[in-house]
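Can you keep this structure in mind? I'll have questions shortly.
Chain lettering (A, B, C, D and E) follows the sequence in which the chains are written, and residue indices restart at 1 in each chain.
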Amino acid sequence: MAVNAEQRGPSGEGMWQRESRARHFRERAIKIVLAACAYVSVLTTFGIVFVLLFETVNFFREVSIVEFFTSTTWSAAFANPQFGILVLASGTLLTTLIAIAVALPVGLLAAIFLSEYASPGLRRWLKPALEILAGVPTIVYGYFALTFVTPLLRETILPSMTIFNALSAGLVMGVMIIPTIASVSEDAIHAVPRSLREGAYALGATKRETATRIVLPAALSGIVAATILGISRAVGETMIVAVAAGNLAQLTANPLESVQTMTAFIVQVASGDTPTGSLTYNTIFAVGSTLFVMTLILNIVSYVFVRRFREAY
Amino acid sequence: MATKSGAQKNARKGEPEGEGVFKTSVSARHALDRVFSVLVFVAAMIGLVVLAVLLVDIARDGLPRLSWAFITSFPSVIPQNSGIYPALLGSLWLLGLTAILSVPLGIGAAVYLEEYAPDNWLTRLIEVNISNLAGVPSIIYGLLGLGIFVNLLGGITGGQSIVSGALTLSLLILPVIIIATREALRTIPGAVREGGYALGATRWEVIRSHLLPMALPGALTGTILALSRAIGETAPLIVVGAATYITFAPDSPLSSYSALPIQIYSWVSQPQPAFQLAAAAGIVVLMVVLLLTNSVAIWLRNKYQRRG
Amino acid sequence: MSEVSGERSGIGRDQGDQPSPAPKTEALGMKTENLSAFYGAFKAVTDVDMEIRPNKVTALIGPSGCGKSTFIRCLNRMHEVVPNAYAEGCVKLGDRDIYARDTDPVTVRRRIGMVFQKPNPFSKSIYENVAWGARINGYRGDMDELVERSLKRAALWDEVKDKLKKSGFDLSGGQQQRLVIARTLAVEPEVILMDEPASALDPVSTQKIEDTMAELKERYTVVIVTHNMQQAARISDYTGFFYIEHMNDPGRLWEFDETDKIFSSPNRKETEDYVTGRFG
Amino acid sequence: GGGGGGEEEKKKEDEKKEDTGKEKTEAKEKASGGSPGQIAVEGSSTVLPITQGAAEAFNQQNPDVQITVGGAGTGDGFEAFCSGDTQISDASRPIKDEEVQACQENGIEFVEIPVALDGLTVVVNPQNDFAENITLDQLRTLWEPAAEGQITTWNQVNSEWPEEQINLYGPGTESGTFDFFTERVNGEEGESRTDYQASEDDNVLVQGVSGDPNALGYFGFGYFEQNQQRLKALAVDTVAPSTETIQSGEYPLSRPLFIYVSTQALEENSSVEEFVNFYLENLNQFVEQAQYVPLSDQGLQEARERLNNRTTGTAPEDAVGGEKGKAEEETKAKEETK
Amino acid sequence: MSEVSGERSGIGRDQGDQPSPAPKTEALGMKTENLSAFYGAFKAVTDVDMEIRPNKVTALIGPSGCGKSTFIRCLNRMHEVVPNAYAEGCVKLGDRDIYARDTDPVTVRRRIGMVFQKPNPFSKSIYENVAWGARINGYRGDMDELVERSLKRAALWDEVKDKLKKSGFDLSGGQQQRLVIARTLAVEPEVILMDEPASALDPVSTQKIEDTMAELKERYTVVIVTHNMQQAARISDYTGFFYIEHMNDPGRLWEFDETDKIFSSPNRKETEDYVTGRFG
């Protein structure tokens, strides 16, 4: 403990080696690096807009924007093409709604189970096991919907359903996003301080009441984030709908019939034999832009919602 | 201000519930609780059951086909000779590079937005923008990657190379990591930060020593979900030029490459049933790769999990 | 809810227009036998036999870390909420073992309320913080009135009556402490456990809380942990002194007796040293 | 990396590593010829299995040549090809004018080589016991745009068939198969009713038709051959699809598949030349492996000549294969009679 | 680190083998001018002018919710860490404005340490809780020794010396409070702000902390918030009384003077009422 005169004064003597300058510099550097990370997403968006915009404009040179948003027929690649985006949008909406109707309750309840009911040991392997569901290649899900779920439903309760249909695709898509919703929500639920739970228990609340009325609201922000990730993945999902939902572009709200989603259309054109630069090819950019705007609106709405109801602790 | 307590006043002793203004139908609440606990259990099991069905189905087709030769052979037009070697290698490269690129980038962005960025319209815009990016279909990322990494930056990335593929996948999964990490940071009580600052720590010191370790489980969850998605993506890779068939194993980030999901997809769409079996075997390989990759993250997450 | 009477006058007396409850009701007492509490392998408290008399205030005192909080949390089965923590022995409410197999911890906690050492308001509005417990327990009366009465008893009403919609977190330390007291009072448990309820309170608020306690014991049984000897002497009827003799021993109930006795002529030397401040 | 093969495998790999190391820098110049030792193929996923077979066999003899074969689709394939990124393009349809133009702008010349035939097979569910044959006319009645929403039962197509609902299955609009079928049956590419179940993946269509007793669909012959127990093929104009009828051109719905080779690459990149020669020498073997129908001897001869003569540009339609022209004339004749 | 001397003897004196520091060092004082503090639109404290003398203990007293915590948090720029919170006015350390544009809050907090009202240990080991602050501030001496010394000064060493590897959360309320005090002492700030540092402590620990404070003021400037009048009278040299006259007003510094003066003959009636307990 060889030490010189005791430390006093603002900086830099004795055992205290305060490299105030260096620290300050490092701090700034780190901030800049981190900000750069954040701005990657902005650049990505610019990139996407750039990629989409040019061809989208080309597209709307040839197709009236009014028709695009009002027509109720979609036959982009046929001889007399009609471009009613509503048809594809309704397909996306329908399958996504079904998926969310499955995944949100199941995912949320599963998250509650993992965090509040399961023993730490069970939780430790159950959570990763569920997460495997997120990694199953979507083509597998597609065939699962087509060769397992659809026949099962047709043989049991829904004989009227067509082979390709929105319901099976939506259901299986729901299964696919369960882990996204369950895992991210579970993290948020798990992080709610124990003292909040204790407060509720001490008032004679049951486990369910504590979980659903104290813990869930406190974790709302995380749950909404999880849901957004889940919806986003459902909206952007391609293979499942391409295989199981039928690619039949019709305006219908009947989940037992085939639909075509925006993504299914895009992938169909992008991986097909259409010449690049043709009107049909440009259509995918118009569809992509529309989807981009749709999800943007969804996100803005949910953002406003979260900011209003977020509970901090 | 009249309450029912007066009217219903009975002896305080005896049954604890049911007296005074408290209509404590404890038994009803308990019944509900039991129902609820069954419900959450069932919910957790639904996923598991589907997973089991899927895996059993795939394993039944795929396991007999799986062999060392399958893993070390090149694909072939003869189904029985077909192997997965270059695709496996390609996917490992992709996954490794994607993780190296996206995890630090994603966590960094989340830290910036949650801990540094002022709460102004720009930050909010970025925030909305990021969740919006999560919903952009993967194929659009493919088009982006084609435009930027393959064509524009082809000189650096080597065009249709593993790097281009990994960069594209990184952009694709970045939002998931960012959002999950941000949420994890958000759940950390302010008192932790205050404790750090009050000792004269800089923001970064507090972040590194306290916030990141506490947010790590959440960040890792995001990483697990993101990489799970990355490893299964087909469409964007096809667009940025992953080959369906290559005659050599990729050996550097600038190599041409194929990837597991592309190989699987290509087998699935062949007419010969024998290829369907190869596809199933390929899926088994993919799932194993996925589990091995994720197991690192899962192990870390279990280690850092806290209960505040 | 309109007319707000003077700070103290209203407390506990604003049920005027009802047939007023019997001023003194026989509450239930509690009893521990051979109670030991563990955090994993670590034994924090050992072999406590204590009888907590009904309609009395029992104070628990002792040096920091000797197991007071641990013990009091065992009394309504909150201890087991801590991961890996468990208790051994027997705790009775009236003549029912609350640790018995068929006893439901929810009912136990409903009947034995608790205020924690660190104030832990819910991340809800002030109003909801108070109303929530009553609501889940099926309170069917006038909720506004209940919230107001509870906040008044906890001497917080005047400070928050204009910001009932604000978050319980946006309060000062002492306000939060009173908020969680109000929350507990609102569900009207039969036994009230308070872990240092006045630690962050100024003398004035402390005084009010003490008044409330005095009033509470007319109908309930009260147990409080306190570091304030004067407070223990002032308000309690019985006092238990917890103590750790040798480093790393678990805490023990060193002496338990009527408060007067403990503060005037305790049986054991350590107790005397402690209460007279001659200790350590 | 992981995996890693046996001893030999590793040795082979090491050698490759050295090779690529040297060549990496040059390879990335956008020389349309590419560098020797490397061949990039992109294009139709339909043609991919044939090229893959060729690449595989070629590579066994020339292990140092690195070949990549992609299946992004004919359109994307031509885009890469015309911008010089690839040396060979697989195509399930002839190159289009705008694509030719794009190639010209970049100074890319090419040889078009037909490599195989695919017969589009019209299939129904095996439970269907009434339909055996369908005429092109009936197909047109069924598939023309005017049929949309109108022709919904079997008896509307053929009065001998029962009055039961008919469910249609077909490939997605972006496939060469669709283009070819619509052109051949309805007279114009892309002209088709739109209310049918579509999929890019023929196996999905197989699933659809085999699970739906009222189904009628069309897709590649190979998929029918592999699923004969689950499907029933209809004869078209009384000609049942088979290797022989498709090859001979008797079967009206057979189409050619192509590869396009850059002439620069043929000249500058010795590997490409070797590969394409090898490809055509053993063509029928690859075609059969890939479940397509080989060209007739005459067709094969013509294809080799095109390569040897470096015949650039795309052939006038009827020169590609006698079959196509013939069928075309028939369609036209029918149109006139209407 | 081997020999552990009696609880009190060791405190602050175990630097024996160094050239002992000048027993009394001139520390820096602080000064606030016109300081007001806001939570969003809500003004919690207004117009505080206070001079905090160097090498003295200044006590802040006042009813709960009157802005003591808010004020003390302004003194080292911790107030602005709360979302939407900000301060107006001027706070000087020595003669430097700590709210000046070019002042780095990190340096300010490094020099002005703080103990919070609610103990907030890090979720790290006890050892790390204490060592961390020193480490990031570039302490190069013997860390074990520093940790031991700091824990001794905070009167916690004996209780935790065998479980330094355990989590800071696994401590009793009072132990956590002492842990955060130790943590703050370890970085040796020039001014130490303590928000009710003894609220959860038993008399014995309180006594030890008070001794530490007396020792600290030899070299540092100390500001504490306390609800305990006796404590304020015992240990402080100056006392500030915060008060809210009318409901919903912001808190004000009602009176500030030497402690003797405040407790014997304050200038204002409210102060007198409060310190004599006649208030409310």
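One rule holds in what follows: a contact is a pair of C-beta atoms (placed from the backbone, for glycine too) under 8 Å apart; a residue touches a chain by one contact, two chains touch by 3 or more.
Computed from a prediction, not measured in an experiment: that's the story for all the values here.
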**Request:** Enter the minimum step count from chain D to chain E; a value of 1 means the two chains touch.
**Result:** 2
**Complete:** When A-D and A-C are ranked by contacting C-beta pairs, first place goes to A-D
**Prompt:** Comparing centres built from CA atoms, which chain ends up most distant from chain C?
**Reply:** D
**Prompt:** Using the average of all C-alpha atoms in each chain as its centre, how far is it in Å between chain A and chain C?
**Reply:** 47
**Request:** With chain centres taken as the means of their Cα atoms, state the distance from chain B to chain D in Å.
**Result:** 37
**Item:** Euclidean distance of C-alpha centroids - chain B vs chain E, Å
**Value:** 45
**Complete:** CA centroids of chain A and chain B: separation to the nearest Å works out as 11
**Asked** Residues of chain A touching 2+ other chains?
**Response** 23, 27, 193-194, 206-207, 209, 267, 270-271, 312-313
**Complete:** Where chain D touches two or more other chains at once, the residues are 45, 72, 76, 201
**Asked** For chain E, which residues are shared contacts with two or more other chains?
**Response** 83, 106-107, 110-111, 118, 137
**Prompt:** Which of the residues in chain A end up touching chain B in this complex?
**Reply:** 23, 26-27, 30-31, 33-42, 44-45, 47-48, 50-52, 105-110, 112-114, 116-118, 124, 126, 128-141, 143-144, 148, 175, 178-180, 182-184, 186-188, 190-194, 206-209, 212, 219, 221-222, 225-226, 228-229, 231-233, 235-239, 262-263, 266-267, 270-271, 288, 291-292, 295-296, 298-300, 302-303, 312-313
**Prompt:** Which residues of chain B touch chain E in the complex?
**Reply:** 119, 189-203, 205, 209-210, 213-214, 306, 308
**Complete:** Touching chain B in the complex, chain E uses residues 76, 78, 81-83, 105-107, 109-111, 113-116, 118, 120-124, 132-133, 136-137, 180, 183-184, 187, 189
**Prompt:** Which of the residues in chain C end up touching chain E in this complex?
**Reply:** 7, 39, 61-65, 67, 69-70, 117-119, 158-159, 162, 170-175, 178, 195-196, 199-208, 227, 229, 247-248, 274, 277, 279-280
**Complete:** The residues of chain A that touch chain D in their complex are 73-80, 146-147, 150-151, 162-164, 242-243, 246-250, 258, 260, 267-278, 280-281
